[in-house]
Amino acid sequence: MVPGGPLTFTQILGTRILGVSKRFHFQNGVGIPPAAGLIELCRILLSERGEVSGIRIAQEILKGYRKLNPSGRDEFFDALATGFSPDPVRVSEASTRYLQEPSAVTLAELQRVTEPPRQELFRRLNMAPDGTQALVRMRQDLISTLSANSLRQAIDADLLHLFSSWFNRGFLTLQRIDWRTPATVLEKIIEYEAVHQIQGWRDLRRRLEADRRCYSFFHPALPDEPIIFLEVALERGISGRIQPLIDPDSPVRPPDIADTAVFYSITNCQRGLRNVPFGSFLIKQVVETLRTELPHLKTFVTLSPIPGFRAWLEEAEFPGEAAKAAKRLSESGWMNDARLEREMLALCAYYLTCVRKGPEPFDPVGRFHLRNGARVERLNWMADVSDTGSKTSATLMANYLYTENELEKNHERYMKDFRVNASREIRTLARRFSMPPK
Amino acid sequence: MVPGGPLTFTQILGTRILGVSKRFHFQNGVGIPPAAGLIELCRILLSERGEVSGIRIAQEILKGYRKLNPSGRDEFFDALATGFSPDPVRVSEASTRYLQEPSAVTLAELQRVTEPPRQELFRRLNMAPDGTQALVRMRQDLISTLSANSLRQAIDADLLHLFSSWFNRGFLTLQRIDWRTPATVLEKIIEYEAVHQIQGWRDLRRRLEADRRCYSFFHPALPDEPIIFLEVALERGISGRIQPLIDPDSPVRPPDIADTAVFYSITNCQRGLRNVPFGSFLIKQVVETLRTELPHLKTFVTLSPIPGFRAWLEEAEFPGEAAKAAKRLSESGWMNDARLEREMLALCAYYLTCVRKGPEPFDPVGRFHLRNGARVERLNWMADVSDTGSKTSATLMANYLYTENELEKNHERYMKDFRVNASREIRTLARRFSMPPK
Amino acid sequence: MVPGGPLTFTQILGTRILGVSKRFHFQNGVGIPPAAGLIELCRILLSERGEVSGIRIAQEILKGYRKLNPSGRDEFFDALATGFSPDPVRVSEASTRYLQEPSAVTLAELQRVTEPPRQELFRRLNMAPDGTQALVRMRQDLISTLSANSLRQAIDADLLHLFSSWFNRGFLTLQRIDWRTPATVLEKIIEYEAVHQIQGWRDLRRRLEADRRCYSFFHPALPDEPIIFLEVALERGISGRIQPLIDPDSPVRPPDIADTAVFYSITNCQRGLRNVPFGSFLIKQVVETLRTELPHLKTFVTLSPIPGFRAWLEEAEFPGEAAKAAKRLSESGWMNDARLEREMLALCAYYLTCVRKGPEPFDPVGRFHLRNGARVERLNWMADVSDTGSKTSATLMANYLYTENELEKNHERYMKDFRVNASREIRTLARRFSMPPK
Amino acid sequence: MVPGGPLTFTQILGTRILGVSKRFHFQNGVGIPPAAGLIELCRILLSERGEVSGIRIAQEILKGYRKLNPSGRDEFFDALATGFSPDPVRVSEASTRYLQEPSAVTLAELQRVTEPPRQELFRRLNMAPDGTQALVRMRQDLISTLSANSLRQAIDADLLHLFSSWFNRGFLTLQRIDWRTPATVLEKIIEYEAVHQIQGWRDLRRRLEADRRCYSFFHPALPDEPIIFLEVALERGISGRIQPLIDPDSPVRPPDIADTAVFYSITNCQRGLRNVPFGSFLIKQVVETLRTELPHLKTFVTLSPIPGFRAWLEEAEFPGEAAKAAKRLSESGWMNDARLEREMLALCAYYLTCVRKGPEPFDPVGRFHLRNGARVERLNWMADVSDTGSKTSATLMANYLYTENELEKNHERYMKDFRVNASREIRTLARRFSMPPK
């Protein structure tokens, strides 16, 4: 680096941006790590120089980033965490000025200097072709390293802030996924489905037949990437067992004889969009869409896992019958023990309605649906006899009922004191389990 | 309503959000202004209660806003300016804490409390159908009131901040406008064209023939609204006169005999997107697109107005010939005065290359193209003989040359000291005008 | 040009088909007319040689045809009429064989030799890009010369036979024309509208507002060419006057307050598709479409011209009042003569229901709608006060009522003896005119 | 049927066409077969009565046809073969008149009466929704019964005549099949591929990667049905072995390093379109498309099976070494016999270039490509080691070379005397096999 002054644009980039990676590659031979080169490009992108060639520089950075190995990424994230944060001196000065004289002007200055330059950096990276997708993947990489690097939380916060704005509900479109959907999207549905795995194309096809529905949110900047999708079975009555619903050999029935839409799976596809809320919007939009298309549908209900039930069972201590029942689960053959059903239903009803984590219900799936304004309607024994089902919830699954014109009221009540809205049946079951665990 | 406590959600909204406007209408009879009702809805939208019914409430607010008369809007903006700003107490506290102990935690807190709740409000309003468009129009309304209401600058800053993020180049698509474009878009092209007015459909059609091009940026949330568009003529050589280019009766020539793309008009369509930068991206993208489609094009050049020239002429004082020439313009018949050409070309070359407003060139169109890395290539007398042309620039127009692989270098040089990059011809002309005005 | 043998493919075409037109052009200098060249190419296209290069040769022929002047076209049509007809010798032989032994084999042979080679020629020309459109235009040219050239009827019959097959209802799609339609299509709607002229874009726009509908059939091979279109006004009650319907300044009303769809104009766009029937399909499809979209529509009715009325009036002889009334029309000021209305309504009711041309009703518009199964519902005085309206039908217009579940029965009855189905009102009017003209 | 006259439309159809199938179903109880009912509907569809309700009647017939069992279809086809043919009396009369006086008028009459009413019937059936597809399937059913029912040849001829007109090259569109294609189409590609079976979605995906291409013709009336498709591998040099090309685990290479397009499979999808020629058009269009997209491709060549080779080998008698070689194939382990290659190449070169069936080459694949103007370029031993490959062609495959500007000349020469165009290498090989089989 030339002594006596900052490098000019062309000194760093050569005459053509496209030559940059070659140059860095060359320098690597004498010891300059590629992540450092990318960080240098990030600085250029943020500078006035980045104005003319912004798109090309952004493209170059994202291409370079993709080639980094894990340690290169560590270096890159560390540099992002330290180097593109607000300047403490200026934040202190602006704070002092605001305290001396709180006004629109000093406030605006405080806002300006506290906004991390990283946010502008990410906005400029987004200008590259497929930049949005690249940033979503970058956050996915970042998230997997967060636990060991608390400093990087600030990068994550910046990306989350941007994504919450960019992936605003107003920019998402609901699309039906069916057998006319491009294979490139269907392939991802198979890959992403997290709740009840899809076993290849034949299985997928069954889930897209006339008595099934699948809807997904898409964002215009990621046209081939489902964001979050919901799988629905059109049934007569509320379904209490998942295996028949996802059996690829089950007979297809005409959708017009159905009176109930069963939401049996909802999958967030993009780990890089963690904590950007979509699920609640998706369910409500699908209810509206189905109601218009199939006016004879009367009931909208989920068939949901109860992921925390068995873990809770194992950690809690119970009196009498409940203790025996809980213990019985560790013995072989329990799935054939008919007496267990009664006890488990009561325990689970209690678990869903009374067990808390802080002020809110303990079960994460329950929290999601209750917050949406749904209510716990029914519990089903032998509802999920898969390995996962028996290990996490002792084969139990819950139906959460979505009654369109009660959602607001329910939500409001729930938000006041997190009291669980449950059907009479569930409440009776929960009361049967009279002695709560200590 | 109930004394002694805040209203509940259902008290304010009735059982259905859709009934709100009716209720407000009724209340109006007893004196509650509609803007106050909308502001109340805005508070609900921001509260936890807004989570379930957010889209409907947002829709209701935007519908109500559309019906406000100017004084209602004034009230609404005033309430937005005062009521949804950061809480000064919390900002002071967070500032103090940061000064006591500058850390990631205190910084994050400072960032959180300085972000105006208005931004979150606008993000939630955006969830309504066509919400983005409604917000762009709201800012357009707002802008027209800004000069008299400096407090509202903060609202404007918030909207600009959001729009700069939402209308990021990465979310825009370039589309060609031609005779296959839906009429609803073409109609807007006619309406918006600001530089050289389009006189109805016949005129428009000529501008979309085989030897013309028109490109526009679109945003997915405003599918029928051009954001900014560029009109191009495919010519042999650099055009020096605008009237033949926009003559609806000019003969159409095959595009493959052209060697020059003349950018003769660029129009920002959305006043609500003021200061969100698009123009520079658009020109560069169009150059790339044309280069691919028509590889025989050699020259990319503008034919641009010089809006500030004559105003400057009138205010400045000149010695000798220049003074006479400037004065001549106020007499009738000057357009036929052949001797004027020589003097005016020199004066204008001087104007474009040497006259400044602060550190930057005085002429706004010049500033835009020079900042993009273009150079002043040629000046043309009798280039725009329309009323506007003769009144603002004494019929002169400038060609700015876009040479793709010099843009970066030019831009960088320009940004260093705002020195104007001009062709030898222009520099010689400017030097002829040896004695600058005092 | 070897003496004593047929020319080879390459001798005629040179090494590249694309060079052909140049060659012919050159030869023209020494006297070979271009039509003869095209006919030679047609022969090659029909020969086995045309198999490989068919598309290019077809393209060349259609390009050459487009450049022919009227006398060139005459020559071309004459050669088509004489040179590409069935071989009389082979037809005679096949007829004889069939008469000797009528069988599947001799019949098939007879079918084969009676099919004009022209049909295969046209099928091969259709393979060129935009070939279908070119053939439709060729028939349009042809039709304008038919009256003077009865020999060319055979060409016309061949094209009509092909077009009836290619433009089968099963291949047409119904598309709504609205303000989102590409300008290139809208421009043609303006150009083609034959019943009530569209006065430019502003007029068109009014006809596409929320209380109007326009539907057109399209064929996939002519994506930008409307085939036939129908204009509809959504009204309260049956409209009896055309001018308010097509007034560009009339206020737009919400479509959901309408109970009646008034079909006020139907236009065949392609003269080259004469006698290929579309209109009946279009009206029925539009009725179905509107019924689905706007279920509150109760009545489907036309507002139709009565093109032959006044001509008939002038030629017929009437007794008493009727004669006076008919004569009155030749005097100025008749449009203000209130007594005329009563007489004219009766005369016109009689004209529509009783006057015949052969076995069928005299009025061509009437024939069309009655054949479709509609009935004459109402007659309206001062319904079309335009020049055309007063000159052809003395300002009268008719409403034909389309009652969906009576169309079949009505059609069947009509086809039996061509008796006109009319409302009681019309029948009463017609009876008032007791003495039919001699 | 009621005595005293033909049934009226409404007697047969009831008040609503849609009730017909129920009525027939009821009558079936008392013995009227459903095919007879359909035939009755066909007569109505052809009558004037069919004009108004044509689409509904057509729909009813096609729906009824779909439900017929094989014997019902037999009945239906027999009735079509006998009942909807030209009237022999009128054909005889028209023949006689033509012989008495051959003129345009008598010819037109002869054409009219010899056209089978079946053709008009099929044209009217085509008006039903998805009518074209239903007719294509009907012909597929018909074809499978033809060998035993020569009378039905006439139906087949009528359908072929219509389909040749409807599926004219000018109405087909070429579409690329890739991983963005809807699954419903891809599923059919897997199902239809006839030359080298596709083993499920993973296999298909490999065939659609960056170094592969797949193109298909589509017809607008069958939007989800590929008509004929061609699979292409982009390679360096001419491929001589099929297994590596279709290996789903083969590495994907960038398409821009390829210089050769290898057409390794062409599949006619619709048996109901038998004898409508598409293949030649498809190959030529794909050559043009690839040449534009990938200008660095120099060679266009097939890798084709030689389906008749081994059957011919077994039936022919050979002298000396050839006889031994032919015999060797019936022994186990022949695929490892290196000496066999030399002999087999010579025999196969002879087979492809000299063995005839009538005047044309014996091998059907060879006939197709030679007729297109390609030439036999190379023979490859161990080119297809699959079961089919070794059983039908002793592992040999041929490369046919498509040299764009020689196709016309080659085709013309071939059509003159069916002489096989072969490379020097092939001709030398064929000559090595000096003693042809007796």
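We call the chains A, B, C and D, going by the order they appear; numbering starts again at 1 in every chain.
The definition used in the following text is that contacts are C-beta pairs under 8 Å (C-beta built on N, C-alpha and C of every residue); 3 or more make two chains touch, one makes a residue touch a chain.
Since the model is a prediction, treat every value here as computed from it, not as a measurement.
Of all chains in the assembly, none touches chain A and also chain B. Between chain A and chain D the centroid-to-centroid distance comes to 50 Å (mean Cα coordinates, whole Å).
Averaging Cα coordinates per chain places chain B and chain D 59 Å apart.
Rounded to whole angstrom, the centroid-to-centroid distance between chain C and chain D, based on C-alpha atoms, equals 37 Å. For chain D, the set of residues that touch two or more other chains is empty.
Under the stated contact rule, the graph of chain-to-chain touches is a ring, a single cycle where every chain has exactly two partners. Looking at the complex, you find that chain C touches chain D at residues 8-10, 15-16, 48-49, 51-55, 85-86, 88, 91-92, 95-96, 98-99, 102, 104, 107-108, 110-111, 114-115, 123, 126-128, 131-132, 151, 153-154, 157, 162, 164-166, 168-171, 220-221, 280-281, 284, 371-373, 405, 407-409, 411-412, 415.
Touching chain A in their complex are the following residues of chain D: 179-184, 186-187, 200-201, 205, 224.
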